[in-house]
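Here it is: the structure, laid out below.
Should a chain be cited, it is by its letter among A, B, C and D, assigned in written order, with residues numbered from 1 in that chain.
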Amino acid sequence: MDITALLFASYADVLGRDRVQLALAPDATVADALAQILALPGGEQLPPQPLVAVNLAYARRDHRLRAGDEIAVIPPVAGG
Amino acid sequence: MDITALLFASYADVLGRDRVQLALAPDATVADALAQILALPGGEQLPPQPLVAVNLAYARRDHRLRAGDEIAVIPPVAGG
Amino acid sequence: MRGALTREPLDPQRILAEVADAACGALILFVGTVRDMNDGRAVTGMEYSAYEAMAEREMTLIAAETGERFGTAHVVIEHRLGALALGDASVAIAVAHPHRAEAYGASRYAIEQLKQRVPVWKREHYADGTREWVDPTRAHQEVLP
Amino acid sequence: MRGALTREPLDPQRILAEVADAACGALILFVGTVRDMNDGRAVTGMEYSAYEAMAEREMTLIAAETGERFGTAHVVIEHRLGALALGDASVAIAVAHPHRAEAYGASRYAIEQLKQRVPVWKREHYADGTREWVDPTRAHQEVLP
C-alpha cells in the first residue's frame, strides 16, 4: 500500500524534503515505515527510533498501518 | 505617655470607633496598650491576644512603646 | 519591583507589561476576583478596606522578598480597595523570570504572603441583604475536625 | 476549553477575559516569550512552525485533560506560529478556578504537557547570523553529568 509520511523541522532539513511517498506491504507497521525513511539519503542523521504520529496521534513502533493513514516523523518538540 | 491606637474593620465595629487615645506609663509595652483596649466597652468581643502593629510593622506583646508610636490592632487579614 | 493599593479598577494588561523583560521567557499573572459564592452563601458584592500605610509597606516588602527568593527584579503586586462587584479583580500579581518553574514559585509565594500578612479586610454583601467581615482564620478553624 | 494555533500576535487580555467566570476567584495567565539569550548565545529572533493539525489536536486534548484533572471548564491555550521578535509572546495559557491552588496546578500542568507533547518547533536566530533548531532533549542531555 502507498502511505505518505510527513517530515518536519530539522528532519525535513536533513532529508531535504517535507514529505515522502512510501510503498509498504499490507501488514506494515510504523517500524517498517521508519526503516524506509531512515534508509533515505540523510536518514543516518535521524535518531534510530524517532517519534511517530499516525493520524495526528503518537503511535508505537508496532502500530499496524492502513492504506490512507497519515504518518508523521516528529522531531523533539520545542513549543512554548 | 499618650499613644494613639488605630482600630480597623470588625474591631472598629465592635468598639464603635476607629481610634482610641491611650494614657500609658513611660515603660509600657504592646501588652499594656492591649489591656486598656480590651477593657473598653465591646473589648470583650476581641480575641484575648489580637495582632498588633507598631509603626507599620507587626510587633510582639513585649515590644516597648515610645511616645509618638503609631499602634494598630489588626483583625484577621482577608486580602486577595 | 512594586506593591501598591489603588481605588481604581486593576489593569492586568498594564501590570503584565510592566514586568515584561527580554531576558525573562516566563510571565505569570495571578488575578483574584470577587466570587459569587462563599461558604455556600450567594455573594452580591465586596467592600475592601485596609490599614493603608502598613498594607503598602507589607506589599512592597513582599515584592522585594519574592524577587530576592526567586531571583528576579520583575514583581508587581496591586490590591484594589473600595466597593467591588462580582467578577471585579481585587488583586493582581505579575512576575517575570527567565525560567517558568521560578516564575510559578514566585507568583505563588507572593499571593500566599499577601493573604497571610497584608492588613486588608473585606466585607461580603449577601443576597439576603446582610453583610459580614470575612475572617479566614475562623473559616479555617471550622474546617478542622 | 480551547486550544489553538495562530499566526497573529497573542492577546493575553482577551484570553484572560475568555476564561473569567463569576464562580472562579482565581485566574492565572502564563505567557511564554522569546528570550534574548539561550544557552549563553545572544538570540535575535525565533521562527515557530508546527505539524498544525496534530498540534491543535494535542492542545485541545491538553485543555480538556487539564480541566478534568483540576476541575474547571475554563482553560484556554494559544500558541503562535511564524517569525517572532524578542519579547513576543509565543504561548499563552489562561485558567480560571474557584480556588487558587488548583488554578496554579492547572496552569503548570498545561504548560508542561504542551512542552512535552505538542508538535511545535522553533528555530533560533543568533546575533552571529546563524540559526538553529532548538532541541530541548539535547539541552537536557548536556546538563546531565
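Some points to look at:
Simple rule for what comes next: a contact is a pair of C-beta atoms (placed from the backbone, for glycine too) under 8 Å apart; a residue touches a chain by one contact, two chains touch by 3 or more.
On a predicted model such as this, the values are computed, not experimentally measured, just so you know.
Averaging C-alpha coordinates per chain and comparing to subunit C, the farthest chain turns out to be A.
Between subunit B and subunit C the centroid-to-centroid distance comes to 26 Å (mean Cα coordinates, whole Å). Averaged Cα coordinates give subunit A a centre that lies 73 Å from the centre of subunit B. Our note on geometry: subunit A versus subunit C, Cα centroid distance of 49 Å, whole angstroms. In subunit A, no residue touches two or more other chains. Looking at subunit D, residues 32, 111 sit in touch with two or more other chains.
Pairs of chains in mutual contact: A-D, B-C, C-D. On the subunit D side of its complex with subunit C, the touching residues are 12-13, 16, 20-37, 86-87, 98, 100, 103-104, 107-108, 111. Those residues of subunit B lying in contact with subunit C across their complex are 6, 8-10, 13, 53, 56-58, 72, 74-80. Subunit C makes touch with subunit B in their complex at residues 32, 48-51, 53-55, 57, 79, 90-91, 111, 114-123, 133-138.
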